[in-house]
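For clarity, chains are labelled A, B, C and D in written order, and residue numbers in each chain start from 1.
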Amino acid sequence: MLKIGLLGAGRIGQVHAVNIVAHPQSELVAVSDKFDEPAEKLAQMHGATVRSSEDIIADPAIDAVLIATPTDTHADLLEAATAAGKAVLCEKPVDLDLKRALDCLARCEPHGKPIMVGFNRRFDPNFAHLKAAFDQGEIGKGELLSITSFDPAPPPVSYVKVSGGIFRDMAIHDFDMACWMYGALPDKVTAIGSSIVDPEIGKAGDFDTAVTTLEFSGGRIAVIKNSRRAAYGYDQRIEFLGSDGLLAAHNVLENTIEKITAHGATKAKPEHFFLERYAKAYQIEWNSFIEGVQGASPLPVTLKDGINALVVAEAAALSAREGRSVDIAKEILR
Amino acid sequence: MLKIGLLGAGRIGQVHAVNIVAHPQSELVAVSDKFDEPAEKLAQMHGATVRSSEDIIADPAIDAVLIATPTDTHADLLEAATAAGKAVLCEKPVDLDLKRALDCLARCEPHGKPIMVGFNRRFDPNFAHLKAAFDQGEIGKGELLSITSFDPAPPPVSYVKVSGGIFRDMAIHDFDMACWMYGALPDKVTAIGSSIVDPEIGKAGDFDTAVTTLEFSGGRIAVIKNSRRAAYGYDQRIEFLGSDGLLAAHNVLENTIEKITAHGATKAKPEHFFLERYAKAYQIEWNSFIEGVQGASPLPVTLKDGINALVVAEAAALSAREGRSVDIAKEILR
Amino acid sequence: MLKIGLLGAGRIGQVHAVNIVAHPQSELVAVSDKFDEPAEKLAQMHGATVRSSEDIIADPAIDAVLIATPTDTHADLLEAATAAGKAVLCEKPVDLDLKRALDCLARCEPHGKPIMVGFNRRFDPNFAHLKAAFDQGEIGKGELLSITSFDPAPPPVSYVKVSGGIFRDMAIHDFDMACWMYGALPDKVTAIGSSIVDPEIGKAGDFDTAVTTLEFSGGRIAVIKNSRRAAYGYDQRIEFLGSDGLLAAHNVLENTIEKITAHGATKAKPEHFFLERYAKAYQIEWNSFIEGVQGASPLPVTLKDGINALVVAEAAALSAREGRSVDIAKEILR
Amino acid sequence: MLKIGLLGAGRIGQVHAVNIVAHPQSELVAVSDKFDEPAEKLAQMHGATVRSSEDIIADPAIDAVLIATPTDTHADLLEAATAAGKAVLCEKPVDLDLKRALDCLARCEPHGKPIMVGFNRRFDPNFAHLKAAFDQGEIGKGELLSITSFDPAPPPVSYVKVSGGIFRDMAIHDFDMACWMYGALPDKVTAIGSSIVDPEIGKAGDFDTAVTTLEFSGGRIAVIKNSRRAAYGYDQRIEFLGSDGLLAAHNVLENTIEKITAHGATKAKPEHFFLERYAKAYQIEWNSFIEGVQGASPLPVTLKDGINALVVAEAAALSAREGRSVDIAKEILR
């Protein structure tokens, strides 16, 4: 039984808490949050205690921490936790600043502790199934990957301002998905964006709609479409064209009901947002983390993966700003 | 080039006329109808002449006739046309009275002329594809066939009264489909019905909603669902459960558009009624008739097939009336 | 917190145990089974104790029992448990013998304890959604209900012999679904069956493939198709034709992946069997039972409902045996 | 009855010939081709005569010509035909060289004759339905349009070399579709490409896989995915995200059959290539041309539209070559 400290009792921390508690080999012993109320509520619900992050990290009885705090604290907590000998599951992104993230990697690695970054979508059973089918050669060589990733509604502009922008905040999941599918970092990134959904987002210097193309070695391409608003909910799809065919992961719908009337045939919408759509993915993510920490299988998402996605995001932001393709090796990793 | 006489210039006669004219090996030379106006209009449109049925049948220059007149004239015209040496394509049903239909068969057969009954659905590319897949063993042994067959709206009660009833008028297509799929006549027929769509139909002694089960040798079953009303249009589907799987022919939709909004994901309705849904089937039916008459391939629907469907309809009507299963060999064909 | 005794530690008992334990307001305190091993294993896994059924029923500290024992013990345990003041959730069927089930109802009712029969499918979110849409009038008046209910593979003949037959054992779920949808018991039942899947099932006096039609007041019809074998898994669908349209509950597929190659476009099969397909339904069923026992809402499935389904099954078996429609009021409930 | 001269008796000329002949208000009187055999075969099949292009254009009895010759002859023939007072339907593209195309426009316009460019996809009933739904505001303001356009197999490299490249030859259809949907020419074009399908295509200086993003005024975006190879056939889809939802035009499948076995649920592939997929579109296109020439409705695709698509193609080719976004007003139309 692994004893777990949860840093961060917000929305995503609450999702993880349920899975930590439900897992037969993990136990939630401590919760921290900068606000007392959510921490206490969560601790009480699951029989844990409220403690400071420092205290949790320093406690030798705690085996692993889950970092679900605001982004700007991730790198510091990662470094402290690994230094203290903890296994860590850290929510994405590692940091909004690539340099800081690279430093974090350099400081954490020597401790040799298991670190996993929370790219939850890799654990979605549908996407995992698509990836497995691709790896088994079911569509031959991968040529053109398409990812559709729309949120139901834009976040408040106040959030946009501190989010790092659509590429680092939202598309980063899709960049990880593309790198994972191809098993590589792209060579070039080309992005465009606009703020057609909410002009205030544009005034804040960000986009709400964007298209990014990634060029991988050998002529392999990925294209990622992002929008901060799909009136019908959360649109999360993948299509992968290969030399022998196409694999598609369609949306998960709210139910299987179809109604046919004089007005047409109506089915349900996609699951509304990530809490619904990825509920099972979060469970599987936690299972994978536990298995990885126990050495039963390698950790499926590394800190390096987290940084790679950030590298692509950095390149995309630069590309969209300057209206040209960005060479990752020469301009981002130089 | 086969010279064709068309008997009957109503809705279905008009459909056939277009296909006769469009076929490179058939020519519409004469049209008859008990009403002058539609006959003249149709003849004029396609460069044919209006003549009486007797005259058309007697003309040695005419190779084949297509009987699209009211049902109660089918048997007489069939007999006259085959006696006169014509090949015949006759709309279903042969006659509402089984005994009359059997007499017709007995009188027509000796002439040895090609006769085909217009079970258009056999020529629907989807149903034909399903049948071919089944015959190729793609689902193993056939066990349970389900046919959904709903019209968009009930006919006027005046028509219902002379229609022969839902089993002889509407379900007869589905009975033919079931016999065709299994390549056999059923042993037993069990039917129930109600007049929930329009009580006036019930007062006229008919049903508007019915379910018929057919038991074929070896325990093979078919179930046919009929309704005179589907608010969304013409519902024409087949599902065939076999030992190795299931084959389904879904409806043909009006288009491929899907609209997804906060209210759900809406697709098009099925094609509205038989003229739209079976437009292609009627073309292929005519091609098959021409090929059969020219000896290029056997006629795919025989007069015997037309009578078999009527036998099932007779049994279904008796079953529904008496609330019990009807044995075809003992009670209908005795 | 309700203290629960679980009678029966077999496959379905194990499913319930997990949900009892996971529910915040129920606690699994005791397990009984005629075999020691499964009872001990289950009790240990969930921190409960193994006791005899009698002991559990007699224990005043236990609030409710869940009866998941072999069918022939259901009625006795129901009577004993309600007499001892327990709330009861009893797996279907109440008894294979209708008279015995009616006696049970007569004996249990006076105790006034909450009794719910485990028709899990009512709690399937898709079917529940369909029912709600129907009740809200989305397709107008219900006219023709169709239920497809196929198992992935036939049970062993040894089971078939004690099962009560396909109508009491398997179709009973669908009969409950039909009664629930229409909110009524049918007037007439007409069924046919065959043993085409496995002739040994026929030799044992049962069918493996059956079609049952139910006639409800006002001309409303339901048709139920059952097969003990669908090579592709568990096929559980409903279609409801109403005056204004059609509602369909499609199968739940294993995933959302589609692969398109030169051989066609392939999607996943339906969830394999009831444990997968109805996992969520069992959870919701348990929630509903707890809410009902606590008085928060009425119990959604009563003992009377369980008996009604049995009445239909009795009529179906008689109908299939005698090749005629069976009048429920005159022949079954007389 | 309009008398039509058909210039070009190749594959696409043959498609048009059938529609010209079938239309009640057009008559195919003359055919030209640089090769005698196809011209004679086509003329004979449809009762037309073989003549030279010059002769056809000079004949005052001919009302309209359809230009289906090789691309490098389009502009000259357009100019000659309009100068001779003919209405013209010209296959795309107007010319591979934008300057030449602009000159052609300048020379043709003064004659005031109806000219239509053959962007057949606008007449596909599905895309037309999507466009109409969009124009009626069914998804609100258009924000992100996605076009998937894959051919079943790459053309021979010999063709690639004279094709003008993937943007002018293949994507031009999609560029027209995007301009038509938004009712505008984009401001900026950004494209990338690779030759992963066939490296020989790369050696010939072209791409076989490409992604183009178009930026329209107000932040509206279109993204176009092209591949010269989809192992499953012709993939032609559109998705349009708007402020209120999404409209999608799915592929047209070969049939409606679904087969479900232990290996999954398989449906048909898309229609194989443009002759099958767009058969109906070519008919409707011809109808629209006839209506336009007769003044019944404006011509739905103008010569200007043909040039606009070429402008976008020019920009895309430049963008892909230089790895940067291209400003249409400043760089292409300067």
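The working rule: contacts are C-beta pairs under 8 Å (C-beta built on N, C-alpha and C of every residue); 3 or more make two chains touch, one makes a residue touch a chain.
Since we're looking at a predicted model, the values are computed, not measured.
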> Once you count every C-beta pair in contact for both, which comes out on top, A-B or A-D?
Replying inline: A-D
> Computing the C-alpha centre of each chain, which chain sits at the greatest distance from chain D?
Replying inline: C
> Counting in whole Å, what is the centre-to-centre distance of chain A and chain B, each centre being its mean C-alpha position?
Replying inline: 58
> What is the distance in Å between the mean C-alpha positions of chain A and chain D?
Replying inline: 41
>> Quick check: what residues of chain B touch more than one other chain, meaning two or more?
In response: 139, 231-232, 244-246, 260-262
>> So in the complex, the part of chain A that touches chain B is made up of which residues?
In response: 231-233, 253, 260-270
>> Using the touch definition from the top, list the residues of chain C that touch chain B in their complex.
In response: 139-141, 143-144, 146, 148, 150, 188, 190, 192, 194-197, 202, 209, 211, 213, 215, 218-221, 223, 225, 227, 229-232, 235, 239, 241-246, 323-325
> Which of the residues in chain C come into contact with chain A in the complex?
Replying inline: 22, 125-126, 129-130, 133, 138-139, 244-252, 255-262
